[in-house]
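In this document, chain identifiers A, B and C correspond to the written order of the chains, with residue numbering beginning at 1 in each.
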Amino acid sequence: MATKKQLRVDVKKTYKLFINGAFARSESGRVFEVSAKNGDFIANPALASRKDLRDAVTAARAAQSGWSKATAYNRGQILYRIAEMLEGRAEQFESEIALTSQITALKAKAQVTDAIDRWVWYAGWSDKLQAVSGATNPVSGPFFNFSISEPQGVVAIASDVSFIDFIDAIAAAVVSGNTTVVLVPGSLAVPAMTFAEVLATSDLPAGVINILTGSLDELAPWAASHMDIDGFDISGINKKKHGELKVTGAENLKRIHAFSNGQSPSRILAFMESKTVWHSVGV
Amino acid sequence: MSFYGLVDGSEKSLLKFLDQLSGVDQVGAESRAAMLATRSIKTTSKKWAIDTAISMVDLTTLEGADTPGKVRALCSKAVRPDPTDPTVPSVGAICVYNDMVEIARTHLDAIGGKHVPVAAVSTAFPSGRASMEVKIQDTQDAINAGAAEIDMVIDRGAFLSGKYGMVFDEIVKIREICGEKAHLKVIFETGELVTYDNVRKASYLAMLAGADFIKTSTGKVAPAATPPVVLVMLEAVRDFYTLTQRKIGVKPAGGIRTTKDAIKQLVLVNETAGPDWLTPQLFRIGASALLNDLLMQRMKMSDGYYASPNYVSID
Amino acid sequence: MATTLALTTYRLIRNGRKMTFEYAPAPESRAIVSIKPKYGHFINGSFIAGKKHFPTINPATEEVLSLISLGGVSDVDKAVAAAQKAYTKSWSKLSGKERGKYLYRIARILQERAREFAVLETLDNGKPIRETRDIDIPLVAAHFFYHAGWADKLDYAGLGHSPKPYGVAGQIIPWNFPLLMLAWKVAPALATGNTVVLKPAETTSLTALLFAEVCQQAELPDGVVNIVTGDGSTGAAIVNHPGIHKIAFTGSTEVGKKIARAIASTDKKATLELGGKGANIVFDDAPVDEAVEGIVNGIFFNQGHVCCAGSRLILQESIAEEVIEKLKVRMSKIRVGDPLDKNTDLGAINSKEQLVKIKELSAVGDAEGAQRWSPQCNLPDTGFWFAPTIFTGVTQANRIAQEEIFGPVLSVLTFRTPQEAIDKANNTPFGLSAGIWSEKGSRIFWASQHLKAGVIWANTFNKFDPASPFGGYKESGWGREGGKHGLAAYLKNGKESGAK
């Protein structure tokens, strides 16, 4: 029946990958479908390929030196800025999570609030990690001896479908100066790409966080075998598959970890290395 | 040669001298340069600085594709940077490859630019990788063609492998060839020397060997004339003057693209070596794109509004 | 006509005629600041009128900037009551996470209003705009950012599980770095869950009062931060108030001792950040040009109004002549003048009283036989000014080697051996700071092990960071501020034996 008032047609978003600070389609041209709880079509996010992963790792590696050389204060500032942008888009995240995941709108709201506060918590660690994990060591001899913790390099993350776990894993990896390639499964793809938009507007240097949507079954083994990835957070992967990933990862002795309870500095320290320096003391 | 009575010409004596030089703390040098970069140069002092900078520019073209036409156009720009404004001073010099020197000199003389010297790069510029015979011939050709200034490069390979005597001897030889006909600038290529300690060493080495000017870079390698590098070189000429009563010039080249950059250089000179060095006799800036930015800033100072590239000539 | 001008100019330059590069005035605009004609106190989230007032002036021009309230016992009472109520009813009920977010807001607003604070600090204190803009204010924001991040991580600070705040902290700050000292006090206090009553210095209250506006903009709960202005009597009222169990004081050693005596028979805790006579040691293998910069920065930064100033240069005798020559050349480049001019290096002395003290002690230096030298300076007619000055030929037996002058005056002593340098450096009742200039790493670590100073700078000087603890040995005070160490003063360690 014709109505006097015309309904407005929405401008729908195209979902791409986020690599090196830019939005690119998968080089494979593949996509997968994401639907709402009720089965309605939502989007066709890109289905990342092995080559996309390769490109993301290249970008992450190139960005790592600069990111780790930034002062801890500077990294904290940028991460806090990301929290400001997240807060500004809280409603968008809430509605996307409620729409595409299995949880209620109320739970989605709580998750988003929690996630933002958690991100702020991690941001505040950047200039405190050394106070907590570093040390000067009382060796027996005329030497000044100190231990400091440094980021490992490029960390891959296989994210759980929960938004808060996604946030936890990323923040823990980058606050210390690592750069990341985040593998995002299924329904999380939509809020993950909104998160990419947040990153793109937050002064975060290109390549520090790269986001690939797709199938963890495909992407995780490729990441586990990549020789230029230093650490791998496999919290989002079914426990049964951990063994084979660790076997593959042993090729370059990747530091592979899974965390069950998010918020802890040990999650940050798991992707850091300790360096100890001796210096002679004398006139 | 007397070498100011400070070394006797042997590598041994040179090494002894260089050894007793104080080191340069990187953090300290960079923070001093950064502090001087906060100087706010406005109104009358900015006007003075722009004109001074223009008079210090060594307008340069050093491309494989250089032709007589290109060089002549550059010469016209050098003499009258702004055809619509005769109050703009001429630049400090023209800088070209030695096979373009005669063309440059002839054209400059023809257009009322007798007062603009021609500087030639020499000694297998920019790499410095050739036999001594070639380097000597390179220099001689330039002087024969009318170059009043020679910008030579040091042998960085020799420097970095510790053959300071060899680097020294090459400079002495080229200085000899320049004689009274040309002044000698010695290019360090500071981007390849990397450390400030090396820049300090190279500065003293070159001055002792007879340099009239010490120069940062060829313009072909980055980083080039960063403020802390120029600071270290200005400290060297300042201290060398205390030792010998001889004032040696400094030429930063490469990476100085804007008026702001140029003014920062003048501030460095002013507060390090001192106002005596604020003359083209003792300070030059190797640049090409810089000149137009200086002209546009000059226009803004007189007109009051921001200029556009449409109002300055591209050549 | 124009051509003649061009040729003349060119000839002038060509002939190598000496040109001087005078920097034209480059004033920062005052328009960004709006100062009220009169101020009261900031208590319980609002500005309340004060009763008695005294003028605060711009020490560069002696112009009266505003009238500041002289807080009395009843004002302090009100403030402590507000702070206690805020602690009990709101602040202690918030999680560290939420407290942290208030501090982040404050940090952000300080960054947004940075220029305004920089100009106001320069007007009220007399220090150059370049310093407030590039050093003071950025550090202020950084302190709030840093401590915001600790608010919900106190379990990891090495102070036991769930350390508890004291409640209300009484804080008294000096005039040399007004807003920065406020940040050093307020940020850790709030991060650890305390509320505060803060008294800024008599001559520099304006940025503290503007900071109160930032607290309002950040929607900080009423009473968490209270600002009571006044003089020494106001400070005493805070120290003696029965409702305050934790005192933080930065100022002179003399007043620090008074506070220590006043609280001796109470269970009040205090941190004291007092005076110093910092030794800046230059060895013969120092990077000389950078050491000269370090010496200049050490004593002329902030007009020498710095507790940790490198006010004694302890110079290896073998390089003394060379270094002093270079130092004099460098000093003649120091630009003294209008603090609001962006090119000024050395601003005004903060007050007439302080200028008198500096002049008196400098006269003592003359009388003791040291050789005084200053570069030629055109000091303005109004305002309080002192040219950068060095005294050479100073020995440990001189008063100007022992007493804190707190002005742009450097005492130069020499040493022969490394041990002698250490002995001279340590031969003082103070122990706040020291500098070591050498290119030999082992020597630097050896010297830092032997120096009795709470802050030691190697191949640098006067560097501050919220993550780096600061405080002194001996009569330079008690406790540390900044870093993980700085949190301890604001927390009761629940599991600690004995100490109250």
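In the analysis below, a contact is a pair of C-beta atoms (placed from the backbone, for glycine too) under 8 Å apart; a residue touches a chain by one contact, two chains touch by 3 or more.
For clarity, every value in this text was computed on a predicted model and none was experimentally measured.
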Contact network partition after subunit C is left out of the picture: A | B
Most distant chain from subunit B by Cα centroid: A
Euclidean distance of C-alpha centroids - subunit A vs subunit C, Å: 41
Inter-centroid spacing, subunit B versus subunit A (mean Cα positions, whole Å): 49
Centre distance in Å when subunit B and subunit C are each reduced to the mean of their C-alpha atoms: 43
Multi-chain contact residues (two or more partners), subunit A: none
Residue ranges of subunit B in contact with subunit C within the complex: 22-25, 27-29, 31-32, 38-46, 48-49, 51-52, 55, 85-90, 115, 235, 266-267, 270-271, 275-276, 278-282
Partner subunit B, residues of subunit C touching it in the complex: 2-3, 5-6, 9-10, 13-14, 16-26, 130, 134, 285-291, 293-294, 333, 342-343, 439, 459-460
Parts of subunit A lying in touch with subunit C, wherever the complex brings them together: 72-73, 76-77, 80, 117, 120-121, 123-128, 131-132, 144, 265, 279-283
Contacting residues of subunit C [partner subunit A, same complex]: 97, 100-101, 104, 142, 145-146, 148-153, 156-158, 418-419, 441-443, 445-446, 449, 466-467, 483-484
